[in-house]
């Protein structure tokens, strides 16, 4: 099984004890096939990054895993652990609840507030507990959503671009937070991202979704702390960018 | 805006005063504002106005409380369960389509002519707008928040308390604006029956005796009560929905 | 509906029991005489409890009867007829009239300003407010009959007579003629005489005032006895009103109903002297005429007026009235 | 749900039938369903029912159309301008708080007792819910869309057509649900006056004569008309608001 | 004046003919000062990128330039051209209008639909004209918003993270589109972004907002087409990351 962080050991999707099992998953929206007979397995504490073009069906896949959209046309078998947690592509805070209440929404019992406050402090929003969601900046909203998903201890974390609206520094801090969570509770993670560097830096395994199927499924094997300038890092990066249709030439401004 | 929401009513008053002064509005059919003031003074001096108001307020208040409760519970039941919807919604729509005046004989039949019947009639008038608005508010909660609740596996209790109720609150409060006014209006109907007190009775009596000035006092009273109750609900609305940022802000 | 018919039924022709069992309650809707019975001290003397309801008018009392919410209603002569026609048998247990009824009518025909109606003969071709089912409606039919006209000779404008709708309709010249009653006559003249609004007498008796009960109530011996006692108190209260007009005006019209003293005085002056006849034969004969006219005009079956009366009570009111 | 929204009304009918069969519901006060059917049959055979319905439908329709128009225009004026709000909103709230029955003498005085008065009265009843709901819908349009309009420098016409009207549409349609029913209900009041036709007249007459069976036919008719009109608006609602994804979907 | 693309010539913010002039702009939210006596000028067809931490006030500044939030506490003088166009941080599509109608919302006259269709095709959404906004993926919504702002020909484009939800390839295409617009209509652009590479690759000038003030204001001078691997590129990148608080060590996974 993969241990994280650092991608020390690894197994592929056919490994033992997968917590996510998807077989023959299809999703169609009005005739357009978005997911096409897709298979996927994620191991017990595996960290999987999902890349793909805009509109390729990443969110659709995540939503299917989260058990949403039961009415959408399509079929397939999906097994996920009971205790999973979702970060939506939009922050999706309840506008009528203050920030803290949003964070502890799924939590009950004593200590909930305390845990909520801790998570908020970790995402850099100490002191904003009583703000309304619409008083937050875009990145702050996204961090509240992150805090909300981390406050419970999920066995599976489904995260749809949770860092999209964050600046470089905050993003790095949030990476650290996520890694810390993984270290402590060892959840399986499926992280949708557009940032190939982020995928390579964080994940045990990177998938690329294209035309409704997983076209690339590559384990990331990097020794020790992952250096962006490590040649293997750059190699993975190049390879994945190519899979997404970006040639290195295009990565420049002509 | 210097006077704000008082401007419209003040303008109305001005037109009325002017019309009365110039004789365009016939004193015999629409008493002048000052006549209304002196008549109110007389009614207050004799204790009739306060007494009527007190009795009516109790009736309306009790009916309102019951109606709001019932309307909310029914709306939640119908809005959250398919069976509830199927069983409750149709009959409520039918109830709402049936004229209160025509329903009264049946209510008298089942409940007699005492206080009970009056409260029930007010309640029946009140629960309908509360039900419809709360139900509508609830059914139109953004699917995204419902998904969030599912994803967080919120229990039904928490789902109702954190998502459904606050989400339906704007609808509920709009319904309440209708409910408070409806409670006052119901008095006109119920206090025609076996009453010896209340503003509805006072007006009915004045109509029978052709006391135009008292009728107009009653109308003004209704207007004021309506404005005040509606204003109170709007105040609550502003407070309770302070998280919203809308065109009105 | 609650069905609390007595276990011991009293036949409708059995002699009236004299004694009212304890615990008997009579539910009475007669707001005017309620006060007179209270003011005159009759209320304390009653050997049973009265539960007063402020219910008046034909449709309302009938609704309350059906709901078993009322034992005695106080109405004119039309509601018992409609009650019979709609399957609710009732009996009149007391009948009160006015002395010199032609000159002390309850209703006058209000004439709109400029309508130019000075006598019943002028009614031809006029717009007349007509409320089928109400006493005023029946009065209009009788007036037309009296004037030798039919419904086709005038234009009947169907208009329910609630509150001050009729005076308003007259004042705005929406109808030429409308029966208006009580204080509205005074008001109408006070307000619109200067515009040319007038009233004319219809020249008919419109004075019947009945207490009526459901036939089934009379099958209960306790209620039957209580009704007997109530009718006596009722008759004595009429005498009391006649003898204490000032107190009546002050305590009822002014304090209770919120009218001015002058209005109260006017009402007393125009009410005439009450008359509770010892014999109902003439009463029933007149009622029969009304029934026949209504039956013809509304297409209902004819009734036997005598069936509307419980003549066991015929002398009860009159005797008390005479001895009060 | 096999019967869906028909379940509730069917259940009601079943209870009613059962009550009538067992005698729990007294035939003299609440006619049995089959009596209603035969009475309706008689009324149809004599042509009274269709005739009444036709006349009433025309009245209600005309009043509805006018009321919806006026309510919408007033709501737009009040919702989009501070002066409009100050001048219009208060008087509408007052109007709504004043009982229609008590207003009737004044309307007779000013408008007579002819068709005109009846239409105006219906219009006055209809415009209020349309106004309040549209106004409320409009004032609670999300500020973000207003900002968008500002940023795009939309002209006032386009702003109204593209942002305000569609944004207020859910509110307007909810108001319409009340308006259609209100139009039918107003008939009870207006057809008491100088009418010899219409379902309100039919019921009023039956009430005065104590003809229970006809009253119940009237009530059933009102119930059906209410259900149908409300259902029609809901259908429009579903169509026009298909872009929404809500709890109800 | 700067000509674009390629950052061939440049002037600093005190140059001639600025279309945006901001003097002493302050914004406070309930006591917290978000913008603090800020000055800014943007030249006639200058392309300015704005960086800053999450919550540093970037959106607030943009909204102030767009003339929104007139009620927010604060003062200062803002001059912007009449004909400016805003891309909000959220896509902000009218949910009750179909995609095409959203794109041509601000447009009138004949040819509007045609232009809308063209822009939609350019952002890769040909054929989705009649979709409702909530039927689009996050990136698709963002592209519609982009199309909407490009369909008019603004003199000033205020764009708040317009590419945040886009994958690498789509992002590169959108960069091209934006550059094409700049070539054709020469608007001034203020682009908020979290991607330092994007800022360096696109802008004539990069600003960093911190503690309510502009702490870095650097012109980007790179010869010819901008290569990500050019040493000067990397130097700018490093410098800006440092200004944002990211040391190169932190850019790696420890």
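Note that the chains are named A, B, C, D and E in the order they appear, and that numbering of residues resets to 1 at the start of each chain.
Methods note: a contact is a pair of C-beta atoms (placed from the backbone, for glycine too) under 8 Å apart; a residue touches a chain by one contact, two chains touch by 3 or more.
Molecules present, by chain and UniProt name: A, E = ABC transporter ATP-binding protein; B, D = ABC transporter permease.
All of these numbers come straight from a predicted model, not from anything done at the bench.
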Distance in touch steps, counted as few as possible, from subunit D out to subunit E: 1
Joint neighbours of subunit E and subunit A, given as chain labels: none
Top-ranked pair of chains - ranking by C-beta pairs in contact: B-D
Reference subunit A; chain at largest CA-centroid distance: C
Cα-centroid distance, subunit B relative to subunit D, in whole angstrom: 17
Distance from the mean Cα position of subunit B to that of subunit A, given in whole angstrom: 51
Separation of mean Cα positions, subunit C and subunit B [Å, integer]: 36
Computed distance of Cα centres, subunit D from subunit C, in Å: 38
Sequence positions of subunit B contacting 2 or more other chains: 29, 105, 109, 144, 167, 207, 215, 244-245
Junction residues of subunit E - those touching two or more other chains: 90
Sites on subunit C at which at least two other chains make contact: 1, 66-67, 162-164, 168, 171
Every chain pair in contact, whichever chains are involved: A-B, A-E, B-C, B-D, C-D, D-E
Subunit E - residues contacting subunit D, complex: 66-68, 82, 85-86, 88, 90, 92, 94-97, 101, 105-106, 108, 132-134, 148, 152
Residues on subunit B engaged by subunit A in the complex (per definition of touch): 144-145, 147-148, 150-154, 158, 162-163, 166-167, 169, 241-245
Footprint of subunit C on subunit B - complex, ascending: 28-29, 43, 46, 48, 104-105, 108-110, 112-114, 193-196, 202, 204-212, 214-215
Residue ranges of subunit C touching subunit B (in the complex, touch as defined): 1, 29, 31, 53-55, 60, 63-64, 66-67, 69-70, 162-164, 167-168, 171, 182-184, 187-188, 191-192, 257-259, 263
Parts of subunit B lying in touch with subunit D, wherever the complex brings them together: 1, 3-9, 11-12, 29-30, 79, 82-83, 85-91, 93-94, 96-99, 101-103, 105-106, 109, 129, 132-133, 136, 138-144, 146, 164, 167, 170, 174, 177-178, 181, 184-185, 188-189, 203, 207, 215, 218-219, 222-223, 225-227, 229-230, 244-249
